[in-house]
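Both complexes below contain chain A, partnered by chain B and then by chain C.
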Partner chain A sequence: MRIALVLLGVAIALALPFFVYPILLMTILCFVIFASSFNLLLGYVGLLCFGQAMFLGLSAYIAGYLLKTTGVSIEIAILAAALVSALLGGFVGFVAVRRTGIQFAMITFAFAQFVYFMLLQSEFTGGEDGMQGIPRSDLFGVVDISDSRTFYYFVLAMTALAIFAIYRVIHSPFGEILKAIRDNEARVESLGFRPERFKIIAMMISAGIAGFAGALKATVFQFATLTDVSWTVSGEVILMTLLGGMGTFTGPMVGAAAIIFLNDELAQFGEWALIAQGVILILVILFLRRGVVGEAGALWRRMRNRNKG
Partner chain B sequence: MTTEYALEARGLGRKFGAFWAVKDVDLKVRRGSIHAMIGPNGAGKTTCFNLLTKTLQPSTGSIILNGEDISRLRTSDVATQGMARSFQISATFTQMTALENVRVALQAGKGTAYRFWRPLGSIAHLNTRAMELLENVGLQDSAGVAASDLSYGKKRALEIATTLALDPQVMLLDEPTAGMGHEDIEPITELIRKVSVGRTVLIVEHNLSVVSSLSDRITVLQAGQILTEGNYAEVSSDERVIAAYMGGVEDAL
Partner chain C sequence: MFDGITPQLLFGQLLIGVINGSFYAMLAMGLAIIFGLMHVVNFAHGAQYMLGAFVAWLLLSTLGVPYWGALFIAPLVVAIFGLVMERLILKPIAHLDPLYSLLVTYAATLVIEGAVRLNYGSTGLPYSSPLPGGVNLGFMFMPWYRLWVVVFSIFTCLGTWLLIEHTKLGAYLRAANESPETVESFGINVPRMMTLTYAFGVGLAGLSGVLAAPIYQVSPSMGSTLMITIFAVVVIGGMGSIMGAILTGYLLGIVEGLTKVFYPEGANLVIFFIMLLALIFRPRGLFSGEKS
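Here is the complex of A and B:
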């Protein structure tokens, strides 16, 4: 049953670029990764990072810069950018991790604003204009993947890789300690663990994967802009996660797809995209507290229990 | 390492602002004994526990575990040194199953806890021990149940199983029967008696029948200070204790 569903998903993913504009699909995939990286912290460690965009945006610039100025192949540029992002995540974590709740959110927010300012002032980013003309360099230095549809399959494979990485972390011995910290940090400490260490590592992983998404996005659009570092993106990823269901594995992916698709549909109506987001947020908070996937899961369990007797 | 007293506090004190929640507490817990700490609400019992486990930093005094000064250790290191505690407020990992709860503790002090790239199967060998610990507290049938779905009594039993997973030499139990109905108190008392064999236990408890049946020695705390200490007969006949505490309880009964 499960395998059949996964196979169906794979088949759809492979066929989609023949029916839908590949750039839209690739944007969705980038945000699927991004929202999942955010949910790793919020849903599985209980940390609300209100600055996740700093990892997305910084990596986009770094990958773009590497591809523009050096001859490195595309996967090296993406991995290098993700690594820098992970290091930034580790540093932010080191400073912020002793705080919880709103204080943690505010510290991460401050860091993100600082990164935004730095990137705005730096020369290599192109400031307000952004960084243009990022090449889709050959994969492994030899395989030409620059055509849109081919590139879609590359992005799809990278997404599968990133999602698998998150799945691995959540379902690992380490992941169990993360969930325990989320449920009761003081108790974890009293059992002999150092929760702050686990949280810093989780921040590094989350930031690395968010950075991976950002670097990928830069190669999709072939430009990087300050929008990717802005606090509206940090806010949007919260909306995606809540809409899909925080702490569920697939929820943030569904949420990301829905929001990106909606933004695209409503783009022609200008401000309406924002208004729609606001309305969705209110509806989710009022009626779908566990998010779409969370509520569906709860409904499914209720029905199964009823059928059992 | 076989000192006569497993745990000692010397001149232990803690100030909140100008208020001493715990003051000049000298405590000696004999190895292998069950030592009770009683006293009215707000006497400073939980604060004492927080100080002993270094959840709170003491303002004065020192803490000696197995003859070694642990006053400067972190909470997590205190656990590693062999002293584990339970909490007054139920402290389970609510969204995790009973088995997972215990398995978290079994990972303590092991390198496996940091392995984020390994599948859960890599710690499957801990399941046997986790099941034993659950059986020990009568939770073998609830292994797959989320902690939040357990009854109150079972949650407290799960906490004890989790604490025992550390195999601590010294165990601090903060009101293990708090909020329990009569039907749960008897089994939990028996459970504590059973698991305290070969360990040293310091227990905060309001239920005096539990105290009298379990403890070898009793320290009475009042307004942050030790009022008196002795066995049940001595303490319960002490005029000051009756006035400060027991009288109040008996009135309430």
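Here is the complex of A and C:
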């Protein structure tokens, strides 16, 4: 049953670019990775990073800069950018884990704004204008993938890789400790683990994967702007995760797809996109805290139990 | 290295620092009150500050109500708005993790700012000073209105602090935070008190907005850009400490102003650096009366 569903999903993903505009699909994929990286922290460690956009945005600029100036192949640029992002994540984690809960959120929020100012003032980013003309250089230095539909398959493969990585983290012994920290930090500490260390490593992984998404996004659009670092994007990823269902594996992916579609539909109405996001977030928090996938899962379990009993 | 620094520049920036600090202090105080008494992180504080400025601007441009009238009416309007917000979106989630209050007020910010932008555009609207002119102090020119803002904000902060820390009402509020059941058994309606506390904090934000209107331009995003600094102020001062928030607010405003004189490039970032240092060396907050 499960395998059949996965196979169906793969078949749809492979066929989609023949029916839907590839750039939109690739945007969705980037945000699927991005939202999943955020969910790794919020859903599995209980840390609300209110500045996840700093990893997305910084990494987009770094990948763009490498591709524009050094002529490295595309996978090297993306990995290098993700690595820098992971290091930033480690530093943010090192400082921010000194406070928990709500203050962790506020510190990461301030951090992201700091990164925003730094990027605004740096020369290499192009300031307000952003960085344009990022090339899609050859994969492994030999395979030309610059055509949009070919590039979609590249992004799809990268997404599969990132999602698999997150899956492995969550289902590893390390992931079990993360979940235990979320549920009862004092208990984990009493067992001889150091929660701070685990949180910092989780931050690094999450930031690295978010950076991976940002670097991919830069190659999809072939430009990087300050929007990617802004707090509206940090908020958007929270909305995606909550709408889909935090702490569920597929929830953030569903949420990402839904919000990107919505943004695309509302793009022509200007302000309405943000207002709609605000209203949806309020409704989700008031009435649908488990998210769409979380509620569906709960319903499914209830029905199964009733059939059994 | 300090050759090019004239007294005019130094005192001019110092004054700007004190003015900015006044707003940091008033907003951080409101945030600290709301957090300390009801464990809500009011992200919408910046948007409510902006609403205060906007209501003042609307009162003047449509009804001709002058600044001095707006100073009373606008905070009331914003406080009533806060009252409705608390009942609609904060009360239903009061029993949950405070993270939800941060998120739901963030969402409200998106809606409020979006709605204002939709109706009035995103450019700044001018609001002329009710106290034109000023006095020449010899080493600098002191506009009357700025002097008024500094004095008024100091009195507002001190008054609020006294109200909460040194009156019976304040004692009830603090007790309700520690043990709502006990306070309720004294015959006090705790939920209503919480609603009024939120409205009071929001009204303070609205009041700051009216004060700010003649100094900064009235624009939809004037609050959210300020929120970043306010968050840093609250983190540095220690969450929930009212005096900590007030002192840190003024202090950081002044430090920021001085940085503009001696190292202009760093002015945007200095508050953030202080936050980093404070977190690393005083992880419980500079003025920690905290309970986390």
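In the analysis below, the second predicted complex is superposed on the first by the 309 of 309 C-alpha atoms of A that agree within 3 Å, B and C clash if a C-alpha of one lies under 4 Å from a C-alpha of the other, contacts with A are read in each partner's own complex, and residues count from 1 in each chain.
To be clear about the criterion, contacts are C-beta pairs under 8 Å (C-beta built on N, C-alpha and C of every residue); 3 or more make two chains touch, one makes a residue touch a chain.
Owing to the predicted nature of the structure, the values given are computational and were not obtained by experimental measurement.
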Worksheet entry | Simultaneous placement of chain C and chain B on chain A, clash or fit | fit
Fill in: Which of chain B and chain C A:Ile166 touches, first, second, both or neither
neither
Discussion item. To the nearest 10 degrees, give me the chain B-chain A-chain C angle using C-alpha centres.
Written reply: 80
Discussion item. If we overlay the two complexes on their shared chain A, which of chain B and chain C does A:Ala80 touch? Say first, second, both or neither.
Written reply: neither
Worksheet item: Quick one: chain B or chain C, who's touching more of chain A?
Response: C
Worksheet item: For A:Val293, is the partner it touches chain B (first), chain C (second), both, or none of the two (neither)?
Response: neither
Practice prompt. Please work out whether A:Met131 is in contact with chain B alone, chain C alone, both, or neither, and reply first, second, both or neither.
Written response: neither
Practice prompt. Have a look at where A:Ile201 lands relative to chain B and chain C in the superposition and call it first, second, both or neither.
Written response: first
Fill in: Touching partner for A:Arg99 - first (chain B), second (chain C), both, neither
second
Discussion item. With both complexes overlaid on chain A, does A:Phe193 touch chain B (first), chain C (second), both or neither?
Written reply: first
Fill in: Partner chain(s) touched by A:Ile177 [first = chain B, second = chain C, both, neither]
first
Worksheet item: Once superposed, minimum distance in angstrom between C-alpha atoms of chain B and those of chain C?
Response: 11
Worksheet entry | Residues of chain A defined as touching chain C within the complex | 48, 50, 95-96, 98-103, 105-107, 109-111, 113-114, 117-118, 121, 231-232, 235, 238-239, 242, 270-272, 274-275, 277-279, 281-282, 285-286, 289
Worksheet entry | Residue numbers on chain B that touch chain A, as the complex places them | 53, 55, 74-77, 79-80, 84-85, 87, 91-96, 100-101, 103-105, 107-109, 112-120, 122-123, 162, 166
Worksheet entry | Contacting residues of chain C [partner chain A, same complex] | 35, 41, 89, 92-93, 96-100, 102-104, 106-111, 113-115, 117-118, 224, 228, 231-232, 234-235, 239, 265, 268-269, 272, 275-276, 279-280, 283, 292
Fill in: Touch list for chain A against partner chain B, complex
168-169, 171-177, 179-180, 182-184, 186-194, 197-198, 201, 205, 247
